[in-house]
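Note that chain A is present in both complexes that follow, paired respectively with chain B and with chain C.
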Partner chain A sequence: MEFDFADQQPKFLMLMYGLVAFVLVVGGLLLLLDVVPAWFARRREAQLVAASVSGAPLPRRPRQREGIFALFFLLPTLLLLTIGLVVPAIRTVLLSLMNGDSTEWVGLRNYGFLFSDDAMVRVLINTLVWVLVVPLVATGFGLIYAVLVDKARFEAVAKSLIFLPMAISFVGASIIWKFVYAYRGDGDQIGLLNQIVVSMGGEPKQWLLESPLNTLLLIVIMIWIQAGFAMVVLSAAIKAIPGDIVEAARLDGVSPWQMFWRITMPSIRPALIVVMVTLTIATLKVFDIVRTSTNGNYDTSVIANEMYNQAFRYGQSGQGSALAVFLFILVIPVVIYQIRNLRQQREG
Partner chain B sequence: MAVFTRPRQAFVIAGVIGLALSATACGTGDDKKSSKAGSAECAAYDKYEGHDGKKVSIYASIRDAEADLLERSWSQFTECTGIEIDYEGSGEFEAQLPVRVDGGNAPDIAFVPQPGLVKRFADAGKLKSLGADTKALAEQNMPADWLKYGTVNGTLYGVPLGANVKSFVWYSPKTFKEKGWEVPTTWDQLIALSDKIAASGMKPWCVGVESGDATGWPATDWIEDVILRTQGPEVYDQWTTHGIPFNDPKIVDAVDRAGSILKNEKYVNGGFGGVKSITTTAFQEAGLPVTTGKCAMHRQASFYANQFPEGTKVAQDGDAFAFYFPTIDPAKGKPVLGAGEFVVGYADRPEVQAVQTYLVSAEYVNSRAKLGNWVTANNKLDIANVASPIDKLSVQILQDKTGTFRFDGSDLMPAAVGSGTFWKGMIEWLNGKATAPVLQGIESSWPK
Partner chain C sequence: MTTATPTVAAGTQNTDGTPTTTAGRVRKRLNSRTATLVSIVIAVVWTIPTFGLFVSSLRPEDEIKTTGWWTAFTNPQFTFENYQQVLFGRSSSSGQLAGSFVNSLAITIPSVLFPLAFACLAAYALAWINFRGRDWVYIAIFALQIVPLQMALVPLLKFFSTGVTLGGVTVMPAWDLVDEQKFAQVWFAHTCFALPFAVFLLHNFISQLPGDLMEAARVDGASHPKIFRTIVLPLITPALAAFGIFQFLWVWNDLLVALIFAGGGDETAPLTVRLAEMAGTRGNEWQRLTAGAFVSIVIPLIVFLSLQRFFVRGLLAGSVKG
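The block that comes next holds the complex of A and B.
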């Protein structure tokens, strides 16, 4: 098919509008940020000049004005947060107490369904497996890699190799791995994994069909993507360990093993926690990988995927919202832990 | 500290305003199409006149090549009446439509392939009932069964548009002729033929139910066809409306009978592997081995004709064709399972009603059928306008007033079952789970 610019005119127009809107909003905001403080500064200057000319005492910086000024910048954020986060959160909680088409109050029935329905319990268990395995293994891999590759030759190349998957979207990564797991009954295998099995004299398998192996195979995809992130952050933390500490330890004659456990690990603890927490939250919300690879079939579904199905595909917004609220509750302790940790660091 | 100096501020402001102005200037450059009303070729569209320059938006799941045909089919109408039709097709239609409607961004018209979804919107008070003209024309042109599927609580909301016939078994007339096999007309003959083919070393059946988001649906069609044949249309209606439970012995019996083919290692799955390969084989690919001789039969709807590669002759004496899925109990008649989409309106502006009326008219169905690849239950369709042999056969079946027609059961059920647990249940069943627990699981998921 030929590409006809005239036919596509509405789309270009739309693009144009988008660009203009972007320029207006972002440009406008930048302008405001630029103009408003400059205006205040000029006024202050004029006041100071006037005061010094007339010999009157210098006017005090009006405290109240500053409060208004702060509010001016805070207000849009607060407003957007309310519209985009607080209101939907309250609405979701309310919806989770209603029936499928949100016409009647049903109390906690939807939450009962979460813990009694066999398929749902399976979903919860799967999510638990994801949350337990992904952060631990991804961080572990990242840490080992970061330590091994530290100050080695070609460090940059080695690091970029493992960091590359981060650049691929979850959906893209899932499609790539679907080919790895692909199965053909007889004849040539197009899947890498099955080809390896066959060339070693085994029978090809339908990898994504057998539970719980399939969940673990999907987890591999997530680890493949996230190990690079863990590695980069931890590597930076390792490099930030003060050189004199390392040197002092060397002079004291530590073995590499002691070096790792006594020096490296305590020094990078904050970074480790940040990585673990970030990965835990990301894993709790995992959706794209499951949806692209198996669509939650063959007992691989997780909370986020089931939430989408219930709310949007089956028209059971009550059950979908209950899942969303449950997911929210699961994330809260992780966030609290992170905040407390940050505070301790600041105090310590 | 100011980042920009004063002259620069002026420049930025001027730039922003200039950009905004130029964009609006482009917008007004849009030329309005004027109608050619009054010319001879437009005589048929006189009754839809008077809405020149109005816009009607349509949202549906039909995309790509099919969508092009769709847009071509009403080009004459838009030219003559001046009603501009803004069509949008989406692969996420079923999930996105409720989001759009609830978000106050409903299209004027949607083509909904599931009566269950039509009911959900009607119950929520989102749909507009049809205009008097549309209703009168629909009652005149459409079979009563079909209107029933678009009716909720006595009000007609959806006009049937396209249709397909699902009770078909695809085979290769060439292969059958070479091997001397006869097209079976009863279930016993079908099984006898399957055994014969299996004994010859070829797998008699190929099946595939993988369909992305909708994985599992082709298996539900199998079950529905068998229930219609063993239990008859009355029990079928009870089943789809939850008049009898999902795990009723009659349903268990039908599922087991379907399983005697689907879960039989000797019968499936030609060219793809064992029984378990059914759930991971894309339904689009599943029937192709029929033409390459790796399997002999593939049960799939009339629209499967489009899946064969270019150059495949789809005809009674060609590389691929379909026969009627045989009857099991002669006392239950010759039932036909089918499906189709329904035109529903979220707005009742006059121009929207005009489009709805047009879509059910004889002019429309014939102009769409002439473009090929399309079937409808509309009895104003002239079979001479249908080119492909399989579409011709489908139209004959749909227009046969003596036949019993039933709509796809999973589309009639609430989405939580019909496109949820029923599909998922079938996947588990094909992967080896026994019939009883699978049906029990589906039964317990029926929304209360």
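The block that comes next holds the complex of A and C.
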């Protein structure tokens, strides 16, 4: 074993600093929250005593106390969100209107670049394909599986198997599937897919090099990861359908097919929408899979990956920021749709 | 019962054995054998890729590179050599993942604790403290969930590297962090990015606590901090677990944030960064890639399998983080 534990010491030290900081910050905040109200309580007591001694009317309970409390409870969150999310997001919008090294305003030129450059258009089309395919297929598989294993024996185990990929990193998943797609010129194949192709009399292929097939093969990885999420949420929705509706339908003698389309589907519609929307947003931001599998080469790049390339590899922070803003713009309508649905659901 | 939810009550079996959920009924009426077959096929397709990777990671190098992992059934040869090499090997090509493993740990632990603590404080205030503009603050935090983290990366990195100057006055100096100090940047970034979802999720749980309980405590003269510590915290442990697992998986599996804020150095790069690098530069070194991938998978898998119940509860309480 050639691993020197001493090399790791600075890291553990740093981790310890982090934990100490955590204890100090959170502990300090809680302590402060205990001290402040105690001080207020003492002051109020003193006021009450003074009032009863002098015979003056009792002071009214001060209202702003609640507000002060809330401020302390919310302080770290609001501070971090402002520094880490709000201000940077606004700056990104501004950066997207500037040139590569942020020295000059260029108006909407970066956005023009998104739609005129051939490689960029390819990126946009790829992203569109991802967003159209992943949510539909992943939800489809999730739904079919949820229905099939509902009340089956070993339901819990069966669900765990599909759910498991959710615990695996996108990087790990990409390596798992790269191995499935692996190619060897002649002799034995080591990739499962090529082995299947060969055993059925076909020629082995370099799957990840062939556009546009490679984009679809990367999409498979995302579907493989996300179907479990769809399955779990939909399965819970199915189990929540009230028994008496089902009973009534059965008395009316509906067929299983009708039961599925007229009872199950309408009942789980809200859950379906939540799943689709969540998957759409996750898919828009997909980065790790593309980067690990092909690094965006061979016409497989997507917006999030290209954003990283432009901003952090090519030093084009203007174009990178424009891509980030574009991503944001794409997410907005999806979210508005979801919020509207949630509201309808609550009113209905 | 691992993935089932509390709502199953509606779907318990009748005495005559017919399932009362629609899906159960559909499944039963569908030719049951076809249903079973299809579900087995799906389950196998979902499991085989991981299984193949696992089997491969235990095979000797020559074997992995020349024959498919399925030949291990007819010609079983297993070794821990790949793991030995990828974790502790000295050569630069080996991956030296043991160090990255420590990095992953050092990045993940504070990145889970900080947002957890801050978010449950905030969620409590938004749910149970009356103050003006409460709803607006909640809506604002909720809405921040839709800001893709890509929107924050470039300026946040600049914030760390150059600090903040307003009108020529340095409000905040550059952090100037080197080597393992960069962990602090990653903690900060992960904490910020996690907060909107964390507040949303925990708010879902905390606001559902019975109001009578809070009222009674208030009448007894308990202050908000006291209620928070003695009543709310113990009651929402399952929710804390749910978010903790989310955040753990999210941070441990993250590539983008680590790539940008930790960099690729030995002192800071977590497993995901190192693995993505290996996949790019040593795509044919399958003995290392398979073992390395499994090293990165094993901890989240353990966490996931042992705490699945909480994870599912969290999933169903809100949406998931995208």
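For the reader, a short list of remarks on this structure follows.
Basically, the second predicted complex is superposed on the first by the 291 of 348 C-alpha atoms of A that agree within 3 Å, B and C clash if a C-alpha of one lies under 4 Å from a C-alpha of the other, contacts with A are read in each partner's own complex, and residues count from 1 in each chain.
Operating definition for what follows: contacts are C-beta pairs under 8 Å (C-beta built on N, C-alpha and C of every residue); 3 or more make two chains touch, one makes a residue touch a chain.
Remember, it's a predicted structure, so these values are computed and weren't measured experimentally.
In the overlay built on the shared chain, the residue A:Asn295 is in contact with chain B and with chain C. In the superposed pair of complexes, A:Asp34 makes contact with chain B and with chain C alike. Once chain A of one complex is fitted onto chain A of the other, the partner contacts of A:Ile281 are limited to chain C, with no touch recorded for chain B. Contacts of A:Pro165 after superposition: chain C is touched, whereas chain B is not reached.
After overlaying the two complexes on the shared chain, residue contacts for A:Tyr314 are found with chain B alone; chain C is out of touch. Counting the residues of chain A that each partner touches, chain B and chain C differ, and the larger count belongs to C. In the superposition on chain A, chain A positions 13, 19, 30, 34, 37, 41, 295, 308, 312 are in contact with chain B in one complex as well as with chain C in the other. Those residues of chain A whose C-beta lies close enough to touch chain B in the complex are 13, 16-17, 19-20, 23-24, 27-28, 30-31, 34-35, 37-38, 41, 100-101, 117-119, 183-186, 206, 208-209, 295, 297-298, 308-310, 312-316.
Residues 1-4, 9, 12-13, 15-16, 19-20, 23, 26-27, 94-96, 98-99, 120, 123-124, 212-213, 215-216, 269, 271-274, 276-277, 279-280, 414-416, 419-421, 424, 427, 431, 441, 444-445, 447 of chain B are the ones touching chain A in the complex.
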